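Listed after this line are the structures, all set down as structure tokens.
In what comes next, subunit A is part of two complexes: it sits with subunit B in the first one and with subunit C in the second one.
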Partner chain A sequence: MADALHDQIRNFILENYLFTSDTSALGVEDSLLGRGIVDSTGMLEIIFFIEEQLGVKVKDEEMIPENLDSVSRIAAFVSSKRRAA
Partner chain B sequence: MCGITGLWFRDAQRGADRATLDRMIAAISHRGPDGTGVHLEPGVALGHARLSIIDLGGGAQPIHNGDETVWITYNGEVFNYVELRQELLARGHRFYTQSDTEVIVHAYVEYGDDFVNHLNGQFSFGLWDRRRRRLLLVRDRTGILPLYYAEAGGAVVFGSEVKSLLASGLVRASLDPVGFDELMTFWAPVAPRTVFEGVSQVPPGEMLVLDATGVNRRRYWHWEFPDAADLRRDSAATLESELRQILGDATQIRLRADVPVGAYLSGGLDSSSLVALLKERVPQQLRTFSIGFDDAGLDESAHQREMVRHLQTNHEQVQCTLDDIAAAFPRTIRHSENPVLRTAPAPMQILSGLVRRSDVKVVLTGEGADEVLGGYDIFKESKVRQFWAQQPASSWRPALLKRLYPYLDLTTEQSTAYLREFFGVGLANPADPCFSHLPRWMTTAQCKLFWSDEFRARARADGDAADRLRQSLPANIGRWHPFNRAEYLEAKTLLPSYLLASQGDRMLMANSVEGRFPFLDHRLIEFAVRLHPRYKMRVLREKWLLKQTMRGALPASILNRHKQPYRAPDAAAFLRPGVPEYVKELTSESAIARSGYFDSSKVSRLITKLSRSKGASARDNMAFIGVLSTQIWHATFVAGQDVA
Partner chain C sequence: MPDTLLHHFDSAAARSGSATALAWRETRWSYQDLRTAIAGAAAGLAARAPARGARVVLLLRNSPQYVALYYGALAAGLVAVPLNTQERASVLMQQIEHCDASILVGATDHPEWPALSAAVASSGRTVIQVAPRDGEDALQQFLRDVDGTDGAMPAFPEPQELASIIYTSGTTGRPKGVMLSHANLAVNASGIVSYLGLTPADRGLCVLPFHFAYGNSVLHSHLIAGAELLLEENLAYPHLTVQRLQDDAVTGFSGVPSTFALMLGRCNLREFNLRKLRYITQAGGAMPRPLIERLRAELPDARVFIMYGQTEATARLTYLPPERLESKLGSVGMAVPGVEVDVQLDGRSLPPGEVGEICARGASIMQGYWNNPAGTQEVLKNGWLHTGDLGHRDADGFLYIDGRSVDMIKVGAFRVSPQEIEEVIAAIPGVEEVAVAAMHDEMLGQAVKAVIVRRDGAALEVRDVKAHCRQNLAAYKVPKQVEFVSVMPRTASGKIQRFKLA
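Showing the complex of A and B:
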């Protein structure tokens, strides 16, 4: 299940920010901001994706790099929100 | 304004044939539809396409001195030619025309190579000294007018636009990977580089000397700043008085013309200030022109109407739609001769078309005020980042950035974490002369993600664009105030090669309209570089001294309005039903693969993403416009197609 979530998030980022399906282009721990993959406006698109595609609401105070700055962090954040729901 | 072109040969006995020169002139005939002229002799050929502005009957070029030993082909205006002519008459010079062009020839004879320091204006010319057998290619101080050259086959071929060089048959168009790398970092290549491989531009404030010793660059003027300790801190009243006097005269002398003069009026502080100054000096009703957009976020019509009411100008506006931009874009690229990352030049071309249809040949604009008097958001951004760099752990210092970019929708305390990541680039080294521009360059450079692997390898062979620029900066830049360093980078990169070129001269000349720029008068720049930045930006209030100076002349709502950068609709103009066929043709996977600059698969995914999303990010917008414009550039100049 966790792997499927990782894949879904990684594919979204590959498709929408790196414009490729080559999975080697993005490691699950890669920093999205640090690598310049998304900027602060691009982060809003990721939040829309999490809310619309993954069905998890993101509160203002949760919009921090600790939750959103890599595939694995997003997956962990989404999983914990789903568990809490 | 006009178009110039010509050839110089290393072999003094060699000459150009008339047909070649005629082709070169014809390629830039839009710059000068009122007449053509040539001068041919062994060793040199000078060509000219004329747009008559001063001395309509007598100013045909090339023009020479009394004994025909000095010849000139000249594009531009020397606004102090009346005073210069009087000086030269007093020294015994005799003139056969009333033109400013002839004044330059005699100034050269009188003052030697220092003559250019006597000229106040915007110019680009080739001056042939037969006695010394040398050609000077001279460009104005700030790069208002273009001047390109290339060395080929024992000759140097030059012209106002690259089109004339290509028409010589000596130069073939191909994309310079390093120039393109600079374009996709700074928005335009840094002079002398261009996007055409093997083609250079004479940098602003320089002349090229071509003689028996070869081709040598010589700088005659510097847009540079004093050491921070030497900046002026006089009373505001003193500085306001000086600014009023200099700006008033800079405007006054730019009214010299034998044809009607109008002005652009965007509704911002700069053009409103300029039109207010003009109104004091033009007895008849002033004609003003502006652009309107359907998108309320881009449109400034309400401010324009307010200024028209306030100053009672005879105003015309062109409403620019998405269809208009898509239809105008190929012509925009043909004239700009550069790929672009925004569509902003296209409406400027449409606007100059309106001016021309209104029988106005000359417009004054507020361009340059932001660079000279401290107006851009990037100066504010840099100021905040410098402030932040003093206490990097502070959480509220970077939060000031939210005030600059409210549209980023960064409303929570937590979003400061993102500001920190994005704007914090380079924070550890605030003394870096490029500190102010690193976030912008980093964002722009993300467009390179779409390059093909082959092209990337070629572009990177010459190193990093920012490092290259850093190496070329003045040795004493470390002693300048950080605000001045940011101003310098704007004056060096964006202003001459993009704003004054792709968005300025080229879009004006596409419709044979001359632009004039009082804020770029060199006396004003020399005044402004010595001001302490507190007179330019007070806390985060931009162009402070200009606002103080214009109090009373402008409505408070114009003086106090939040600065709105000029923007036009970008990808949205091209990704909807009914757009011109060229958009799909040139961005198809096969066309992208044929030109070879971009990864066709990535571009295809980008288009899919943009087509289905409601709003595009700044990066995606820039990338798409960059791809489309590069494809048009390739089709037009490399493949020789007529894109429409």
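Showing the complex of A and C:
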């Protein structure tokens, strides 16, 4: 299940920001901002993806690097929100 | 005192000494620390540069190290060339070759650093690596990195000497290097200090990249005023940025329209205590009226300055005094100190109400484009800078922008040349013909749209085009929309009708 979530998030980022299906192009721990994969508006689009596609509401104060700056952080954040729901 | 940034900075450093100049992550550099870092950078760069006036390119995100290197290059009589940190190594290498840079200095954590530093080293140029170190050891580490531990501040260059080159998109598709003298930088920064009323009591927060003329002007204006500048690298986490505005009692914040769209889209500013925030500046394109009104409603105590400028004018050309925001909504105001602005057609000044090209002259206008006399002559004519922007004045002399006279897309606040993107896409096998135009974007104002005619039998897909662009261009230049058509819309004379592409 967790792997499926990782894949879903990674595929979204690969498809929309790196325009490839080659999973080796993005490690799950890679910093999305540090590597220049997304910028400020890209991060907002990822929030929309989390809310619309993954069904998890992101509060303003939850928009922090610890929750959003890599595939694994997003997956952990989404999983914990789903557990708490 | 000669009118250069360095002289102004040195006076501010003498006055503000132990006061914080720059705050970045956990690092705090006082004016004295920064002066030490600048002297060290100047010594280290001068020892490696072949001659006075040699170009030093910088690939660093906003950080105290960037500031020390920029000012250090200036102090050493070298020319600082800040590179766009969003660009790819291949484009940056073109700029390095174009300005025949002698030295590349970059941060080791930049994603393009491995490719760019290898290419630069193999071309025989000097490469200096700087660790983007944070915390108390940052200053000593920086001095070791630049080999400037014993650096003494050198004698400063004269105002008319070349200080910096900033690359900007040109209409031909090849980047243009805007040449700015020490006097250009000083005059524009001093004008900004004057109308914003900046003092050592101010504490600004900058999310704008320093390689961008607007971010550059925020940096210089705060440092010559002896104020404190808090550095951020982006606005990816708007809530954290607004929290910092509150917690650090920030007095000034600068942004482009998308900055405020992001901030207001995700934060309710009324929930924060932002009473110390005395001014907001906005430039980089027209901000939609509802956004201005919402900003004013959520920040009733802050004075909102709407501004207009261009890299070719160092940064700032006009500003709208906050007290006129209501009565002149939609205007970009009047000329900043040291600049004269006119609206012209065929070299003739137009009366109020008539639309023409916005022209400017004064001490902040660039020296020309580096190694491009033809390009320079196109825009510096009869003593005036021809901005390529269309506008008119009202009866009170307030300026309004009415569009652009040349094809250029403005993504966020970045100028993007359609030709540059067309050249990249045209190199894809399977592309018969391509044309690029602006499309409306809710957040950024405009985005890039590419319209392509495929070669017969070519199996080219949208993702192939975007992937190729991403490999060769900064992310904001990648077409948001790619459309395949069978024929391009053309005029009777065969010219592509870009307005029909959007």
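Just so we're on the same page, the second predicted complex is superposed on the first by the 85 of 85 C-alpha atoms of A that agree within 3 Å, B and C clash if a C-alpha of one lies under 4 Å from a C-alpha of the other, contacts with A are read in each partner's own complex, and residues count from 1 in each chain.
We adopt the following convention: a contact is a pair of C-beta atoms (placed from the backbone, for glycine too) under 8 Å apart; a residue touches a chain by one contact, two chains touch by 3 or more.
All figures in this text were calculated on a predicted structure; none of them were measured in a lab.
By the document's definition of touching, both partners, subunit B and subunit C, reach A:L18.
Using the contact criterion defined above for the overlaid structures, shared-chain residue A:D7 touches neither subunit B nor subunit C, since it reaches no partner. Of the two partner chains, subunit B and subunit C are each touched by A:M43. By the document's definition of touching, both partners, subunit B and subunit C, reach A:P65. When both complexes are overlaid on chain A, the residue A:R35 reaches subunit C alone and has no touch with subunit B.
On subunit A, the surface touched by subunit B in one complex and the surface touched by subunit C in the other have residues 15, 18-20, 33-34, 36, 39-44, 60-61, 63-65 in common.
On the subunit A side of its complex with subunit C, the touching residues are 15, 17-20, 33-36, 38-44, 47, 60-61, 63-65, 68. For subunit B in complex with subunit A, the touching residues are 408-415, 417-419, 421-422, 442-443, 446, 449-450, 599, 601-603, 605-606, 609, 613, 617-619. Those residues of subunit C lying in contact with subunit A across their complex are 85-86, 109, 111-112, 233-240, 258, 262, 265-268, 412, 443-444, 463, 466-467, 470, 475-476, 478. On the subunit A side of its complex with subunit B, the touching residues are 15-16, 18-20, 33-34, 36, 39-45, 60-65, 69.
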